[in-house]
Every structure is written in C-alpha cells, then in structure tokens.
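Each chain gets a letter, A, B, C and D, in the order it is written, and its residues are counted from 1.
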Amino acid sequence: MKYKFLVDKKVVEAEIANSATFHSPTEIKLDKNKLEILIGEVQGEEVLSLFVDNKLHQVEFVRDENGYPQGIYVDEEFYSASLLKIDSLFYYKEKPVSASKSGSVRSFIPGYIKKIYFRPQDKVEENDIVLIHEAMKMENEIRAPKSGVIKSMGVQEGDNILASHLLFEIE
Amino acid sequence: MKYKFLVDKKVVEAEIANSATFHSPTEIKLDKNKLEILIGEVQGEEVLSLFVDNKLHQVEFVRDENGYPQGIYVDEEFYSASLLKIDSLFYYKEKPVSASKSGSVRSFIPGYIKKIYFRPQDKVEENDIVLIHEAMKMENEIRAPKSGVIKSMGVQEGDNILASHLLFEIE
Amino acid sequence: MKEKVLIPTRGVIALDIINSLNSMGMETLLMHSPEDALSLPVKLADRSFKFYSSRLEDSYLDSEAILEKAREVHADYIHPGYGFLAESPEFARLCRENNIRFIGPDARVLAQVEDKIKLRQTAAAVGLPVLKFSELIHSPLDCESCDEGFTYPLIIKPLKGSGGRGIRVADYRRDAQEQVANLLKREENARNGIFFEEFRPYAHHIEIPFFRDAKDNILFLPEIESSIQRRFQKIFQESPSPNVDETLRTSLYERSQALLKKIDYVGLGYVEFIVENNECLFSEINPTFQINTLISEVHLLSNFLKKQVVIARGELLHDVHGVRIVKPKHTVLLVSLMAEDPYNHFLPSTGQISHFFHYSTIRNVFKTTLYTGARVTPMYDPFIGKILTYAVERPNAINDMRIFLDNIIIRGIRTNLVFLKHLLENADLRSGGTIIDFLHLKFDFSKLKNTEEQSLVAAALLAADFHLDNRKKNYKGKLEKMKQPGFFKRIFSPY
Amino acid sequence: MKEKVLIPTRGVIALDIINSLNSMGMETLLMHSPEDALSLPVKLADRSFKFYSSRLEDSYLDSEAILEKAREVHADYIHPGYGFLAESPEFARLCRENNIRFIGPDARVLAQVEDKIKLRQTAAAVGLPVLKFSELIHSPLDCESCDEGFTYPLIIKPLKGSGGRGIRVADYRRDAQEQVANLLKREENARNGIFFEEFRPYAHHIEIPFFRDAKDNILFLPEIESSIQRRFQKIFQESPSPNVDETLRTSLYERSQALLKKIDYVGLGYVEFIVENNECLFSEINPTFQINTLISEVHLLSNFLKKQVVIARGELLHDVHGVRIVKPKHTVLLVSLMAEDPYNHFLPSTGQISHFFHYSTIRNVFKTTLYTGARVTPMYDPFIGKILTYAVERPNAINDMRIFLDNIIIRGIRTNLVFLKHLLENADLRSGGTIIDFLHLKFDFSKLKNTEEQSLVAAALLAADFHLDNRKKNYKGKLEKMKQPGFFKRIFSPY
C-alpha cells in the first residue's frame, strides 16, 4: 500500500507491504529512504512500545473528531500532518463547522475572572475591554467583538471557569 | 460508638460520636488519648487524603476475604490488627478453611524452576530435596513433606511459575 | 520540643522551604488553599491546614487568617515564601506585633525596597549609577511628559509589586498610553502609580545574592545572571555569569555593600543590576527567598534557609565577620519548567498528570510539584519545577542539563520541555551570549521542530498507523469508508 | 560517527552505563530479555535489541548471541556490566578475537582473580596477610579434614563465581556437610570445587576501588565500607569508612599496590579486605564496574566509566603518574532498595508499580529501575535501586538519607524502605559501629514497628474505617450482619 501525507508542509510518500503487521521488524519506504518499524510490547488493544530502527519513540497522535490525523508528537516534538492519498484513491476531509455565534464570547482557556468593567444592558464599543480573564500569571483582556449592548454576563468577578465558558453576549 | 481492637497484641478501645463523618475534624477517644481525624479530598467513593491531627498519612488496609481487618499499613509500617468488639456486641470471626492437600506441594512465591532431582514414579524419603525453586537471587530447596512415590510433576526445569503453582504430588 | 514554622505559601517554593526546615529539625505547618489540597507540599509538610476558600484574597493573601492560625498552633515563625505576603511591610509588622518571627527582612527594610523609585534615588545618592526611570505616572496623559528622554521601546512598571506582574513593554507612545490606561485600572496601580524605565535589549540581568546582619557583616554569593526571560519570568539562570569579569564583579559587590549599609538592610536579599559593556546600573532589590536560592546553596554547600532563620532570630551571622565573598567552584545552571504549550503560543496548559517520570543523575537536582496524578490548575502560576545542574566547566553543565531533560517524561499536560531543549542547543547561549531580549534576538522559534530525519520518522509512524487500521478494517470485512481511522490509541506513551 | 557500545545487561547497572556513555557522546545499544522489554534501560538506550528468550542461558549469558549482534551492528565496545559475563575470561577472550573491545580487564587478569584460592596464595606470596581459607572441597566427606583449625560458624564459598551467589554460613559440622552436599549439586561448583573461610562477625568489610594502567600508574579512591549485608547482598555502604584510620588506610593502599603489580592488573577493580582491630586480611578482588561505583564518582567528581573506556582502548590514565590517591571531601552513603517484604521474612515481592514517587533534593542521587507502571518480575535480583547522599559531616549525610527515604513512595510491591529507615536510626550505625554481622548482633528486627503513638494512629484509623462503614450500612437500613465491612478502599494512597 502507498500512503501520501503532508508533514509540516512537506509531501511524503510511504510504501508498506500489504501483509505488514510490524510484529516483526518491517521496512517502510519513504521517498528515497527506508525505516524499519517494530511493535514491542502489546497490552490488549494497546501498544506499549514502538521501535523505529530499533529506537524506542514516544509517540502521540493528535486526531480530529473523525479520527483523522492533524498532527503527531514524536519524542515531544510536534509535526502537523494530514493524509492526502491512500494508494490511488484521493482522500477528502470534510471540515467540521465551528458553532460560534458572533456576539457571544467564550473563554479560550480555563482561568479566573479578575475584573468586569460592564454590566448587562451597558453599551459597549467594539474593542472595549469587557473583562480581565486571568489564566495563571497572564491577564487576558477580553474585548467586545462588536459594538452593541451587553445582553448577558456569564460570569462574575472571582469565578473560576473552564475553557469555552460563555463570558458574555452582545446584541 | 465504641470499638475494641487488638493492635499488635495490645487491646485498644476507640470511642467515636455516632454522628461522626470525619468531613470536619472529628475527635476519637483512645483509652486515655485523643486524636482528631479529617477526611481531605474525596473522588467519587474513594478517599484521596486522610489527616490524623492535621498530619497526612499513607494508609493501606489489609482485609481478609470477608473484608475484616487483618492489619494496616500506616506510613509503610505494618500493624497486625483484629476487631474484638463493637459497642457491647462481641464479634466472632469464622476462619476460612485452607484447601491444602497433604502430599501436594505448591510454590509459595513466583519463581523459576532451577533443578529437578526426581522423576514421576521415583521413591522419595521425607525431607529429600525434590527441586530447586529460584525466586530472584534466592534458591529455595523444596523438600518432600513425607516419604512416598512422586505421583506427578507439575513443572519442568526452566519453567517460570506463579505463586501456589502445583510443583509435585506424593502418594 | 520542635520549633514550629507556619508556611502560608504553595508550589515549588513551599517544597524548598518544607524540605530545608525538615532537615533543620523544625516542624513544618503548611497552610494551603482548597485548590492545593492534593499538592505535594501538603504531602511533605508535617501538618497542613486548609484555607476556607481558594480566592487569593481569602487564602495566601489573607493575613488575618494566617495570623489567627499562627496564634492557634503557637507557631514560632512564619515563612512567607516569595510573592504573596513575603514583601509586605504591613504583614511583617503584624507578625512582630503577634510575637511571631517573620522569616525575612523586617517592616522597615521591606518598606524601603518596596518603593522602586525612592530606592533608586537613595542608590544614586550614595553614588550608584542607576537604571533610568521616569516620574511617577498616574494617568495616560502623563505619558507625554514622562517619556521625554526615553527611546521606545520602553518598559512600564508598577511602582510597587513584584514577580514580573504588571510589567509591560511599549513600542511607541500611543501603545504606552493604552497600556498605562489598562494598568491603571488595577486599584493598587492607581494608588501607587507606575513609571517608565529604559529597555536595554542587549544588556544582562545580574543579581547579587547576599546575607547582611545587624552588625554590617555581609555574606556575598556568586552573581547570578538571569537575562533570559519570557513574559518577565526567568527561564534560564546561571552562576557565575559568563558576562561578568573580576573588575566588574568587585564593583558590583562594592556598590551593593554601600547601598545596603545606607539603608541598613538586615536579612537575605538580591541586589539587581542591569549590566551592559562596562556599565552596571542598579535596578532594584528583591528581599525574598527565591527559586534560584538553590543555585546559591550549591555554591555555599549548605542550607540557605538556616541563615535566614538565624537572622530572623535577631542573631548575627556566626561565620561571617566583615565581608565574606564565596568564590564559585562550579558553573551552576537552573532552568524553569513551565506548564505552557510551546506549540500553542506558550498558553498555559492545565490538567491532570497521567505519567510523570524522571531519571535522576549525579550533580543534578529536579524540584517539581508534579507527580503522577497531580493536577495543574489554572488558578496559579504556570511554574511547576526547576532543574539544576552544575559542573566545573560551563559546557559540561550545559550538556548535563541537556541530557537530563531527555530523561523527563510528562504526560497529561504540555510543558516547555522541548523549548528548553532547543534553548540549550542555541549557539549564542553556549557561547555565553545571554542577553535580556535573547528570545527575540537570538532564538529561532521555528527551530522548535523538525530535523529532516525526525519528520521521516513521523511520516513512517503515520503510515503505520493507517496501515494497521486498514488491515483491521479489511479483516473485519469493512473496506468502504473509514469511520474512525487510526490504529494506535490517541495517547500512546511507552512510559 | 558515534562509537557504538553494546550493553548486554539489565537493571540499575544498565542505567548507570547507558547514562554515562550517553553523556560521553557514545551510542548505547542495549540487549534485553523479553522479560525486560518494558524496563527503563530499554527506554533510555539509543537502540535496543531483544534476546529471543528470557532464560538466562539464552539471554544475558548467551555469549554467542551477544557476539553475533555485536558483529551485526558493528559495535566498537561491549560493556558487560557486572555479574553475568563481566567476570568471564572466556567471554573477554571471545570479544578480543572478534576485534570488539571488552570494557573490563582482559582474559588474563580475569582468570587470575577468578580463582579465589590461587589469588590468596599469590597475595600471601607478596607478603599480604590473607583471610584464612581451607583446602578445596569436592565432597561432603572433605569437610572433616577441611574444617580443621576453623571455629564454627564458618563460611562456605564456591571457588569461582560472584555476587554473593552460593555463599553459605554453617553453624556446625553436620550443617556444613549438608550445605556442601547441596552446593555440590550445582554443576559449576562440582567442577570448580568450594572452600571454607573464617567467619568474623565483628570485622569490617572494606573495599579499595582503583584504576591501574599498563605502566603501573594507579588511581586509588577512598575506601568503601560495605560490612552491612543481608544474604551477602550489600545494604548500606559508606566511604570513607569510620573504622579506617590513616595508618590502616596507608597500609591498605600499599598492600593493594603490591598485589596489583604482582599480577599486573590492568583496569578498574576493587580490592576487598576484612579488617578487624589493626589486622587487615586480603579477601579477593572484584574486577567489575559496580553498584557502588557511584560513590567513587562523587569523590572523583567525574565520570568513572570514561576511565574504563580509556583503558579498554589500551591507553594510559592521562591524569595519573605513579600513584594518585583521591582524598575524600565528603562522607558518601549508599543504600540498596530491594523488592523485599520486611514484614514477611524479606521474601521477594513482585508485581506492577501502581504509584512511584520521589522528591529529589540537593546532594542526593536516586537511581532506580522503577517507574509508575513498571513490573518487578521474579526472574531477577530483587535489587531495584540505590540511593546516595553525601555531606561534609557523616551525621548530616545520615540525616539527609533518612529524610530522603521519607520522600519516596512505592505502591504495588513491598520494599525494604521501612527496614532502611530503621537501620538509619540505629544507634550503633550512627556511631560508626558497622560490622559484618551487624543485622544479627546490632539490629532489632522487632523494632521494625510501632512507636506507641503510631499504633494509636493505626487504631484510630481502623475505628474510623468501621465507623463509616456502620453509618453507610445504617443509612442503607441494613443493621444486621456486616457482609463486606470496611469503608476505605483496600489500597488507599494519598500519592
């Protein structure tokens, strides 16, 4: 089988014998190079160790909600990646539609509401600082995405919130 | 409520207020002494931290198959223990019958069969060394519990075995 | 009867304090927020007491609650760590009034070092060249007058406060005005004011650690260079500095001595200088026990905190008469482990540690709050550990550090480990060219990835993953569309 | 092009070797048994290769398989660790024939130290008092003649072999005969024979670590006392020994030098003496890299293995001309962490590590194969780690060790940690009274538990457990008979 990937903006083609299970050292052709992959210990479904050219690697796959690769960590280093082709069949990936309503603002990381400068029904100008969202030592000034009226406040000063918590809505 | 325990051959009586849940610091009377117990973090059913007089302890309960205490590890130190009395009602514990057939010999810890000196049908005298069972660096000489004939061998030289594996039977 | 020390602080510094005090045979009583109930300090302290809330004002900053507990448990001392109440003259005064020894300089000294502008004026008065600063700023309008004689970019600093909190860099006046406006929204800044300070990207940040007692006996330790910072947090520190020669060193000590005598500083502290070419400009004094105290302990070969306690007792440094300067036998390095994702703009990364492993080696110390199962919460500082190595030759210390970083595995959160590894391979760092704006001027963040060879390994693994998945599917006789591709578990870790 | 070192060994020693070689910029190629596939060395080595079976004869003792792999990967060196093939003249010879450098003394030297009786005769010939030994024993019948002039208890030792394997103590002749009979059942003992040796319970076991090159240059390191042993495994080691004064030290060095010159020993080794009063009797020479090499590294402040490699290259010790004796600046302590249950006759304890945690401090090293998730198998040695501390003052080193042990948490198996903690609090140990039969004569195993206070805590916890259980039951309205009493989970661990 042939697989074509985009790895950090470089196209790489990999060829693997159909029969390969990697339970014995198995060669993968990569463009002009060759690498040998071997699965070490297995526990039930889970692979506990994996060798490339007899070198043990720490590997972490980052997949999208459909399970397709978005990237991979190899020994802590991250490589963006996407699948282009399997053998001759092209592979099209449908982007998930993100469900963000304009005017409603959510936290992008967990944190702590340090200060709030407006109350519901207050008028705000686009780019006004509505509140200070502190995550660890960083103070993030959360600004109004557009001018309008504060419809609702999702937080109070002193709240600890998780990521994508509704902070406020503007109408 | 009053509880009476045998802890390392010493009888100790403990008194606890019926309502005690230890979610707030709660006193336990022990003979002439007092200790305060507090449950710290809880995760679901599991208690993650436990304080005695504000000191965090690592605790491990050793229970018999009925769940009754046989001992307890406190900060790695072991205390044999058994319950004698709850309030006025005495508590009798029924000993489990151990199912060891005389003549059949089992390994008491996991290990490796280093050497076997007899074959099935061989005559053995009581106390003859039948095989060498090696666990880590220790060689354990496994002897015949009685005189007789080796009825069966449960192992071969070089076997790795687990605890209570049948080693051999004598008739 | 053991002496009791109440420790109302958290994190790595709490670990340092507990560990030192335990080895001194003192009883360690920790106060911790509910958020920190499962933290390592709670596990290592002799006893621990929970604040009722995790809000800073109701926990580590609640001097009332702390003093009440101190009275209740009959604490002999309070060690405030750093940050929080450690620099508060008010708190030091309250401790004295309650007959509890505050481990740190007394209220008088803390008040003197708290006001950064006054302190520089005092320093200038005794002949020290000081880092250029502006008039006090109380409104965005002040910027126009105050930035006179400064060139942008410049630094905006609150008059009081510490730990890099609230420090900003402004690239041009309008930027300055905006940032000043925002900074002044914070009540304490509005009250105390803020000021401008010159920004010297090519200079070095040098600290002189010292102990001084009431009889003007001073113990000086080898200078620490902590130029390399991110968001004004120290990332890489070393001692002695490769950028300080004997002449400069001597004058750093002399100037420090003059200033300390002038303000009659008693206790542990760090005199901070900005050094460029042969200029060394006084910046400020840090009056607290610090992360990098560990560096000085290696030079001193003894427990630093012991001396802090001696001075808190009002005694003299028994092994110092006049000025004693400790000469370095090693180059000591210290890097900061942060719960930040280097692949996502160094945003804080929080969660539970699913795997934690490190393999300790000789001449190396790793102090961290992490353990398998620990939680990193968004409540606090992303600083989660420090790693120290030392060797006679600087390059060996750097190599040892580099190798040790490979022997640390952390799963469950993202950390700056990769970043640190690349930092330690940076040619300018290895040649000693550590400067204040190092990360912008000398470090290539795009380098954070990808040797050619490694990306091939990545590709091979991706292919293997898909291939095994295909086989699985074929085996199950489902060839058509892959529903959930990927054979390997999402997180796959050999440790 | 990195030089390649093949490492056909396991456990802590493999970690030491991999770590040292990595820091020397050499490529580490590990060979491991299937049983060890998830072990730490596999994770830390550059590359690793699996033996096809876990039987010793087919793995770490399979010189054929090892040499074949060495040829296949073009290894420049083989480091055999200790035990296994490290002391085999045959294997050293095979390495040479295959043009692979064996890191250790050559076949000639190994053959000379292998035969313990011949070696003592050689030592006696150059004027060293030696530990009393008997004729060679080939049958239980020999005991009667051989124990002449000995007083029971005496020691029974195989002529060849190492690591405490096969060593026994006999309390009276009949006992000796039985044990001899059993020992002779082992083929190698039957072939090589065994012998008696005097047992001196109040003596000290002293080792002199050294490097010697082909030009008779010798580097001597401070002596190591390793008197305290269990089942002939070293438990507590320290250097320098509190029982060796300057005069004695000098004669230990002089005698070692004379013997080493006589047998023209080239490489790293340890000369072992039994010291009692002012007598010091030569016992044997250990020719391998060892667990306690770490102690010498602290004294030397440098990588020990580097010198081993230099000599394996056939070069001279570049920094030693004539005799160089390293003077100790610290007292260094080393304790052995064993997977043994101190509450069950120290039987080996095996299983998977559910929690592993240690908090590292300064002047302290913890080398262990443990990590959360690791498995301790019954296949091998229960030795799972070593802990080192050092300080200028011996009592401080002991205190640091004691405190550090409290900062280690291991769950899933039983270890000798409690035993070590009590050992470090033993008054005789603290006063330096470390003798060979220490554990029988000076250590109270019943002390392994139970301060009064602690057993009250135990009782309180038991009561709380039952009490909460009662409440639960009442709440559920079941008051009659308790089916599964106990509220807390069976294993309850705050870490």
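Here is the rule we use: contacts are C-beta pairs under 8 Å (C-beta built on N, C-alpha and C of every residue); 3 or more make two chains touch, one makes a residue touch a chain.
Owing to the predicted nature of the structure, the values given are computational and were not obtained by experimental measurement.
Undergrad: Report back the single chain whose CA centre is most distant from the CA centre of chain D.
TA: Looking at centroid distances, A is the chain farthest away.
Undergrad: Would you mind telling me which chain pair, B-C or A-C, is linked by more contacting C-beta pairs?
TA: A-C
Undergrad: If you average the CA atoms of chain B and of chain C, how many Å lie between those two points?
TA: Those two chain centres are 48 Å apart.
Undergrad: Can you compute the centre-to-centre distance for chain A and chain C, using the mean CA position of each chain? Integer Å is fine.
TA: Roughly 30 Å, centre to centre.
Undergrad: Centroid from C-alpha atoms only, then distance chain C to chain D, rounded to Å. What do you get?
TA: The separation of the two C-alpha centroids amounts to 40 Å.
Undergrad: Which chain A residues reach two or more other chains?
TA: 40, 48-49, 56
Undergrad: Which chain C residues reach two or more other chains?
TA: In chain C, 38, 43, 494-495 touch at least two other chains.
Undergrad: How would one label the connectivity among the chains shown: line, ring, star, complete, or other?
TA: other
Undergrad: Where on chain C is chain B touching in the complex?
TA: Where chain C meets chain B, its residues are 29, 37-38, 42-43, 45-50.
Undergrad: Spell out the residues on chain D that touch chain B in their complex, using ranges where they run on.
TA: 54-55, 163-165, 182, 185-186, 231, 233, 339, 343, 347-348, 350, 377-382, 409, 417-418, 421, 448-450, 454-468, 470-471, 482-486, 488-495
Undergrad: Which bits of chain A are touching chain D when the two form their complex?
TA: Residues in contact with chain D: 40-41, 48-49, 51, 53-56.
Undergrad: Considering only the defined contacts, which chain A positions touch chain C in the complex?
TA: For chain A paired with chain C, touching residues are 1, 3, 5, 7-8, 10, 12, 14, 16, 20-22, 28, 30, 33, 35, 37, 40, 45-50, 52, 56-63, 66-69, 72, 74-79, 81, 83, 86, 109-112, 115, 117, 129, 132, 135-138, 141, 158, 160.
Undergrad: Okay, in this complex, where on chain C does chain D touch?
TA: 15, 19, 22-23, 38, 40, 43-44, 294, 297-298, 301, 355-362, 365-367, 371-373, 388, 392, 399-400, 403, 407, 494-495
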